[in-house]
Structure formats: structure tokens, C-alpha cells
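Each of the next two complexes has chain A plus one other chain: chain B in the first, chain C in the second.
Here is the complex of A and B:
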């Protein structure tokens, strides 16, 4: 561990009179005192962030894990994994798991495919900037505002049903948010409407970092447009793809605002995902033990999903 | 060549129009005067009732205090997170600190966990300490949530800086405190702005803590007020709700497009 305060004077300063406290070499005791003071200063710089995170995030996390092992009866006895077994016995929670799986698939596949397609198609061309703007715009809205917009689209007398009746498809008009699994599917679509923007931005960054020489070489060798995309562009987008998949996955798992404002997890508890179920169990059903168990399960899934793209990030940055 | 290009342009056009429809309907129907709304969505603007709708939404959802609160929470938390994360990144990367990896994980782990895992313990301890339903309480939570990711961005940016400048300043006898404010902060300014913009938007858009940690109309943030307004959808009518959504979204939309460069750079750092 190096210290800045001792030694290592730049060459060429010997002629000029140095600062007084540097003229004599330090004694070992002085040295350690300087080191201790330096450590204290470093601690002072880190303390606010560390304290805040420990107090507000890590301690509550530990407490939630602890709470998940106690049941929700009045005396709240230690009950091992009873709360976790609710996932098998409680139909609302099984439905919640099903919905979460649908969300995971939908929030990864839709923004990925659409984002990649839109980024590739709008990478060059005249109207591409404008078209891209249309897609990126919803990304600037909050989940709650997106929910307001899509409620307007999807209610019984909303825009979607209006269009369907307008083109003579009355039979398809329906209460989009009322029946499962359609309601979960339309919310995944609403989520994709918002989340594709960020995928487009990331894929564009990736596309622009592809050296044009590789594409030129490909076209000289007679590769068709599709072959170029498949064998030259796509492999070089791999790092960005992993980030897009990881981010959408984690955001999909954590998504709360959209569902809460659109349906509050209803009707019944049909559209809950784990993130919403946790809130419902804890604050509405007043079963904090079950809520804590859901939160822990959600954490495990989120951590596993994060690992997918974190592994890369942290390798590169060398922690 | 031409067929492919035509197809591509057609695909772009269709996608762009599809994407634009909800945004278009949001704006058009927020313009329709609430009294004229016929029960089914309008597709073309007629009459200009936007400001009237916004002021109705303002009154019904008490948006005035909510907007003020959200501005306070977003600015203070984003600034605090940027500065505290800057401190921590400076200490772990520039200063000679032992166990860098440990400190990194202690701070960074907060951003990996879903928010649901914090909320009930925080709710209970807030109820015990009279921080519940206070502005200070919300600022503290928002700052704590923002710090880990801000730290990650600041740290990665700090890693790219040359160490020589700081070493030279230290040899000239500058204290760490001075080195931080006079050398490190100017050098990391762009990352700090990126962090600020990112966290401002994140705090502004938060709903969950807003509806859990506050109940009063003069404490709750703006998304909680919007959710409340949406809950009155059938009473106040779609134009007012949409105008309200538009109004509360304006600050972040403007910020997003004004600072898109910083947004993209923070996403790139994220990589």
C-alpha cells in the first residue's frame, strides 16, 4: 500500500527549495501516524455511503430474510419453511409464479427482438431518426404514466376496442384487462412499448462500435445482406445483447408500477407477479411472513438473472 | 436493392406508426375539453382544452404540493447520491484503501436486490421513529436507493482517470478534501451529471415508496398523486387523467431529451 505523503518526489525539483516538512525523511512512527490518519480520512469519505446503504438497504434485507421464517399467526412462531410452502398450496401465489414466468419471457423476447430489428433498420437512412424517436419517446415516461396511457387504450370503451369495432371485428373487442391470461399478455405488450426504447439505444451503441471494415470485407467476399447480418453483425453484438437481455430480465422481474396502476394485481389476484404479490400480501392481506418469503424468492431470482450480465461487467472492470 | 429498401422502409414506417399511436392518443385526448368528451377516444385534435384539463387534474389530484415534493425529493436525492457516491468512489479508487473489493460489494450489492425486500422493515422502522410520512424520510430512502448504482457509475469512471494529477496535487501538499473538490470533481463532472440525470428520473418516477411511506397530500410524491387520479378515472373523465399524466411526465421527458447524451453515456458506463 503506497502513501502519497512520503518520498517519491518528482525529479528535477532538488534545486528549488522544497516544502519545509519534506526536507527530512520521516521517522517510522511518523510514517504510521500518517498512514493511520490517511485511513481515517478514507473512512470518512466512504462512511456516508456505507452507512446509508447498510442502514437502509442491507439491514432491512437481512431482517426480511429472518422474518420469512416466522409464520403469520398472532404469536408468529418460528416455522422453518412454512411460508415458502405457500407457493405450492396458495393458488394466488401459483398464479403469480405463472405470471412472473410469462413476464420474464415477454420482457426479454419482445424488447430484444424489436429493439434489435429497429436499431438495425434505423441505423442509417433518411427517416430513421424520426422513426427512432417515436420508439424511444415512451422510454422517457414513468411506469405510472404508461399505465394511464394503456388504461385509456384497453378499457372497455377504449381505443383498441374502438378500432376493432371500426374495422368490423366486433367479436374481438373485449375487456382486455378482465380475463386471464389476456390481461397479463397486454400488460407485457404495454411494458414492451416502453422498454424497447432503451434496447434500441443500446443496440445502436453496439452497432456503431462495429468496425465498418468487417462489413466491407464481407461484401467483397460476396456475402448477402442477411449473411452479413447473421455472420458479421450479430456475433459482434453479443456483448450488447447480453446486457439488453440481462437488463430487460431484471426490469421485468421488478416491474411494479405498471401492474399496480393498471389492475392492482386484479381482478381477484389474477395479474399479480411476484413483485406485486409481495406488496399485496404484506400491506393488504397483512401477512408479512408470506410477503417476506415472496420477497426472498424474488431476490434469489433477480440475483440469478443479474449474474447473467454482471459476470461480464465485473470481469471487464476487474473487481 | 430497391425491393429490400422498400420493404425496410415500410417496416420502419409501420413500427413507427404503431409506436406513435398511444403517444398520439395521449396528446390528442388530453387536448379534448373534458366536457366535450363523448365517451370514445378522439383521433384528431379539436378545440384546445389542454390547460383547462391540466388545471382540473391539478385541483383534483392536488398536484401542486405533489410536484413540489417530487422536485425536492428528486433534486436532493440525486445530488446527495452523486456526491456521496463520488466520495466513496474517490476513497476506494484514488485513496490507498485496503479491501477495495469488500467495500465495493457492500455498497454495490444494494442495487442488485429488488426494492420489495426493503420496504416492510423500512415501513416499520419509519412508523417507530416518526419518519413516516415526512419529507426527510422519503429523501433518505430515495438517496439510499440511488447510492449503489451511482457509486457503480462513478467508480467505473474514476478507474479511467489518470492518477498522476492527484499524485502531483498530493505532493504539493493539498489535503484529500481539497483534492476531491478541486481536482476530482471537475474531472468526473460528466459522470456526475449522468448520475444526477439518471437518479433524478428514477426518483421522479418512483411509485412504490411514494404510496407506502407517505399518506398526506402535502408529503406524497407526484406518481402517487397520479395513481390516485387514475383511481378516479370514471369520475373525472379520461381527458383530465391524460392531461395529468402528461403534466407530471413533462419534467422527465424534457430532461431525458435535453440530456440524452448523458443518459446514453451512463448506459455505456453501465456496460
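Here is the complex of A and C:
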């Protein structure tokens, strides 16, 4: 936000102390009035955002935390941590936590490794643009559309099994979405198919911002291709890697749409993640207290994971 | 420097203020528009809005509404939300607001009891009494639409759970609709031998997982089924175990489709001859027609035979209902329309559209297959049993449905599945009764 002291600098003076706009000294009263006005102006600009965040984010969150301490009977009495104890007693929620962890690992590792590999391979070359387009295209699809396509492939009488049967590999044909943990794994793969596109874009931006002189210097020093990648390229991709991993981490923890369309968390709640369990408990099993407890736990995990990760990775400049 | 002597720079803050004022005005207008009452559920002369979760029925509502208008002066204006899950949420939320539809399609049984318990529904007992006096409703249906003695729903349709089959496929293999358990097993064996999957079984979408459970338990012992869904018998009792063992045996023999087979493909699969029998509600008859199959010549239907010949005959019945929100936009018009809904002239059109049996027992289905089933139910005095989905507290049914889905996918054994269902039944019935007390 521009202010009188920082916002009206002439071009080319960045980093130098701001030139005073007024030559005549202000009286203390004038100064106080100006300060108050500045603060009011700043507050006025911030107010809509603060109000919206408070209304639509903080207030519902506080309400959710409050609701999680009440039971789901009709009179909804205060029940302390009864809803949270479901994590220990309900096997569906234990499985949900397992699945969420699998999703986090899968959605971080696969898009990162594949994205980096594809970006490096398509950064230059004859058909690089076409290859890049093919990889990035799924990112433009919605999660639901991706799920519909993969559903067509993964059902027992779907495309994958038909191809396997067609080439004589009948023994490999199976109900891909029916047995755990295979069903969670194939959904993670489907998610990676879509999510790799954005990782590729980010890594390409990172690769193109690497000064070629550094690579030339490495080459002159006799570094091999792998050594150049390991010691020159990879360190310079660190800022982009932080973003890719951070995004993937949060995406993994909140994964919902693909699972909902493909299996609705089933069969028998076997493919639920915490986000799906939260929806299932609240809206299908009609236990808003249990759903609120899951939401709180999920929020704490997302915040803790993001904070722990970003605290280690970001320095004071933000990179 | 401009002609007026002001610097161009001096004009910038003004432009920014104008811009910000414009943005603020636009945001205010959008907010006001967003808060304004939508037109979809507001009162519209000569019509009553009806919320429903099956968009393919919209034409049927319009056609029935045309007949209703001749009687009441109000047509039907369907508002569809095809996702059952989101539909339920939207209805439950809007019932507490002034945006409630005039009529709402809902399930009977405990689904309706839960909605009535939350308040916001109109007592339709007087309407029910008038219908009963004319013989336009079955007295046995009243319990399924009542809560604490008051009727809150008027039957929208009545469907039976039956096995549809392809007549050409059966004829080609020398089979006919079985009338006994042994006959059913023979059909399945012959179909399987000819590379046709005998039965369609699915858990796609969740609720279809109940179909084979309710059917097999009721055909082992219908009275046990009644006690089971009333919370008076245990899921681990012998009849339930026997039913699950039969189901498990069918799956092991490869007599059932994979559980991720989508039921929407059922009519097509029957027509192609890849599936032999399709267990579903008779409301599926319209889906058969949509797949280009003629009733009576290309497809038939029968009620699953009892496991033992001496077992009393029964049929699983499903009845959707209309409810009238207390805060309906056109409450009087809605009451007029529910009071005329079961009129034979309206039901004739509605039943013809659905190709299903009407909730008015005096209206015969024009679909020969469904009409034959109606005759079967009447001739054999089949005990009408409430569908499992509506038979108990919704949290219990939802949880048990998930367990049945897991069983179908081979995650749990019959014994483990039943044990889990019983544990949940104990908890949920206790919670329901505690709430009622």
C-alpha cells in the first residue's frame, strides 16, 4: 500500500531514503493528525479483507471447534473430547488417517519427481513444446472430470482390464477400485497424472531462470551432466521446489474431489481420507459433532505440516 | 499540464477514488443481488414448486401437474437437484428458511420421521383421512409416513423390489421366470454356464448395497426382517446369517456382477444379454423403456422366491412421499395439490409416465409387467415390507450400508459384517430412543 512516505518515490531511487515531500516543518499537532489519518486510511483499506476473513473463515472455524465438543444426540450435550476419541475407537477413521498419510506421501513424491524429470527433459529439444503441452493439459481439467475419465478406466469392466485381457494378461485384471490399499494407490496415481502439470510449469520457470553462465562454468570445470544437475541446477531450483512440495503437501491433505467421484470413500469407507470422512460423518451419517472434530484435527495437521515445512525452508526474505 | 492549469498527476487520486467508488458500488449491488430472494422457490401464480432429486421425472410432474391444474388451479413446477446427497442437505437447510419449496419429495419411514422431528413440516393427517375414506391409500402405509401419530407425507409412488430379466435371453436358454428357490438356482446355473452373469449387484452410489441384503433376509424369513428393522432382533441371528451366507455363496460362484458395476447400465446389460437378472425397484421400468425394451415381450419381472416353500410370501415396498413445508411460499396452493394428488385422473397420468404402480390402489399400472406384479402381490397376499433404507434411524442405515458395501467388495466376512452391523444397531437404536424420550 502506498503511503506518503513510501509510495511517491521517483523511479530509480529504490533503496535510498525517501525525499521529504514537504519543505516546511509540520507542527506536532499536524503530525499527529496526519498519523491518525494514515492509520485510518490503512485501516479502511484493510477492513473489508479483515471483515471477510473473520466472517467466512475465522468465525466458522471457531464455531466448528465449539461444535466438536458437543455430542450428536438431539439435545447435543457438552461431551468434552468424546468426538475426538473416535480417532482411537472407530476403525474407519484409523483407515482414513492411514489413507491421508498415503495421499500426502504420494502427492508430494510423485508430482515432484515426475515434474522435475519432465521439466528437465522438455526444457529443450525438438518436440519439447508438444511434450510439455501433453503433460500440462490435464492440469486444466477439473478434479471431477479427471475422476470420470479414470473411472472409465479403472472399473472392473473398464478400459484397463479390457486391455490387460486383450493382451493375454488376464491374471493381472482386477477390481482396481475395490480392494485396499490398491484402490488408494491408483487414485494417487490418477491425482499425480493431473497434478504433475503444475509442477512441470513451476520447474520450467525455475530452469529458465538459471543463468546459463553457471552451467557453462561447470562445463568448463569438467562437470558431467549429472554433476551439473546435482550441484548446479538442483540447488538453484530450491525456491521452486519449496513451492511445489508445499502445494503438494496441502493438496494431499485436503484431497477430496477425485475420491468422492471415483469411490465416494467406499467400498465400506476403505478409501476415505480425513476430508472425505469429515463430509461423510457430517452429511451422510448425520454426526456434525464428529465431523467437526475431524475438521479440527485436519486443520491442525495442515497448519502444523505447513508451518513445520515452511519454517525450515523459508528464510527472512521469504525464499 | 492540462488546459485548466492542473497537472495530470493531480487527476490520478480522483480517478482512483472514482474507480474505488465504482468497485464499492458494484460490490454492494452484487451483495444486494445475492441477498435478494431467488425466483425459483418464490410464489408464482397458478403453480406450486416441487423439489425433487430425479430430474428424469420432471416431465412426469409437469404432465401430472397439468391434470392437477384442472382440479385445483395449480400446476407443478419441478425444481430438480440430481445429487441425492446434496439434495438432502439443501432440503433440510431450506426448510428452516422462507425459501422452502411448496412441495418436497422425500423418503418415507425414518427418513421422514427425522425430518418431521426437526419441525417445519405441515401435519397432513386431515388430508390422509379424506384419502383413506375414499380408499385412495393403503391403510398399512400410514405408519411409514407418520411421526408421533401425525401423518406428514402423502405417498408419491409405490414401487416393489423385483428381478427384471430379458425375455429373449431366457427364451434362448430355455428358461422361464422361476417360481421357486430351486428354479432360481437353476436359472443362475444355466446363465452362468452360457457366460451370462446371473445377477446384477452393485454398491456404486452407496445405497444399492442394501438391495440384496433386504431381499435375501426377507425371503429367508419376512417376520424376522420386520423384527430386525424394528430393532427387536439381532443381525447375528440365524436368519440373517443364512441370508448372508447365500449372498456370499452367490458371489463366490461368480453369479454376481462386480460391485463397481454401475446400476445405470443395468437395462443396457439386460438388453445385451451380459447380465441375466437385475434386482431393482419397479420404477426402473421407465429405464427399461428408455433402453428400447418393450414390457412383456422384451423384459419381464418377478419377485424373488422364498428360500423355503413354506416361508410366507412378501415383497419389499418403497414409497416416496410429498411433504409440505410449514413455510412454503404458496402453502395454500401446495395443500390443495397434495389433497388432489391421489385423484385417479392425476394418478393415471403419473403412473403412465413412471410405468410403475400408483400409490392409489384403485389405479392399475398400464405397464403389463408392473400390472402383473400388482396382481401377484394381491393374489398371494404378499406381506409388504418397508425398504431397508427407510426402516431405521438414518445414521444406522447409512453405517450399515457402508458395511454391506465393504462386504460386497470382499473386505469383510459375512460374520464380521453382521457383527459390526449389530454393534451399530445397538448404539444407534439406543441414541434414537434416548432422543425420543
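To be clear about the criterion, the second predicted complex is superposed on the first by the 259 of 319 C-alpha atoms of A that agree within 3 Å, B and C clash if a C-alpha of one lies under 4 Å from a C-alpha of the other, contacts with A are read in each partner's own complex, and residues count from 1 in each chain.
In this section, a residue touches a chain if its C-beta (ideal position, glycine included) is under 8 Å from a C-beta of that chain, and two chains touch if they have at least 3 such contacts.
Everything quoted here is computed from the prediction, not taken from an experiment.
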Which of chain B and chain C A:157 touches, first, second, both or neither: both
Touching partner for A:135 - first (chain B), second (chain C), both, neither: first
Touching partner for A:198 - first (chain B), second (chain C), both, neither: first
Touched partner set for A:304, first chain B, second chain C, both or neither: neither
Partner chain in contact with A:40 - chain B first, chain C second, else both or neither: neither
Contacts of A:175 with chain B and chain C, given as first, second, both or neither: second
Which of chain B and chain C A:270 touches, first, second, both or neither: second
Touched partner set for A:283, first chain B, second chain C, both or neither: both
Touching partner for A:149 - first (chain B), second (chain C), both, neither: first
Greater chain A contact set [chain C / chain B]: B
Doubly contacted residues of chain A, that is, touched by chain B and again by chain C: 155, 157, 283
Residue numbers on chain C that touch chain A, as the complex places them: 85, 88-89, 114, 117, 203, 205-206, 258-262, 394-395, 398-399, 402-403, 405-412, 431, 434-435
Contact footprint of chain A on chain B as seen in their complex: 4, 8-9, 11-13, 15-17, 19-23, 25-26, 29, 39-41, 84-85, 87-88, 90-92, 95-98, 100-101, 103-107, 109-110, 112-122, 140-141, 143-145, 147-148, 151, 156, 159, 166-168, 170-171, 173, 176-177, 180, 201, 204-205, 207-208, 212, 223, 226-227, 230, 233, 238, 241-242, 244-246, 248-249, 252-253, 256-257, 263-264, 267-268, 270-271
Chain A residues touching chain C - in the complex, by the definition given at the top: 72-75, 92, 155-157, 175, 177-180, 264, 266-270, 283-287
In the complex, chain A residues that touch chain B: 1-5, 8-10, 19, 21, 38-39, 41-43, 45-46, 48-50, 52-61, 63-64, 67, 114, 117-118, 121-122, 125, 127-128, 130-131, 134-135, 137-145, 147-153, 155, 157-159, 162, 193, 196, 198, 201-202, 205, 225, 239-240, 243, 253-254, 256-257, 260-261, 275, 278-279, 282-283, 288, 291-292, 294-296, 298-299, 302-303, 306, 310, 313, 317, 319
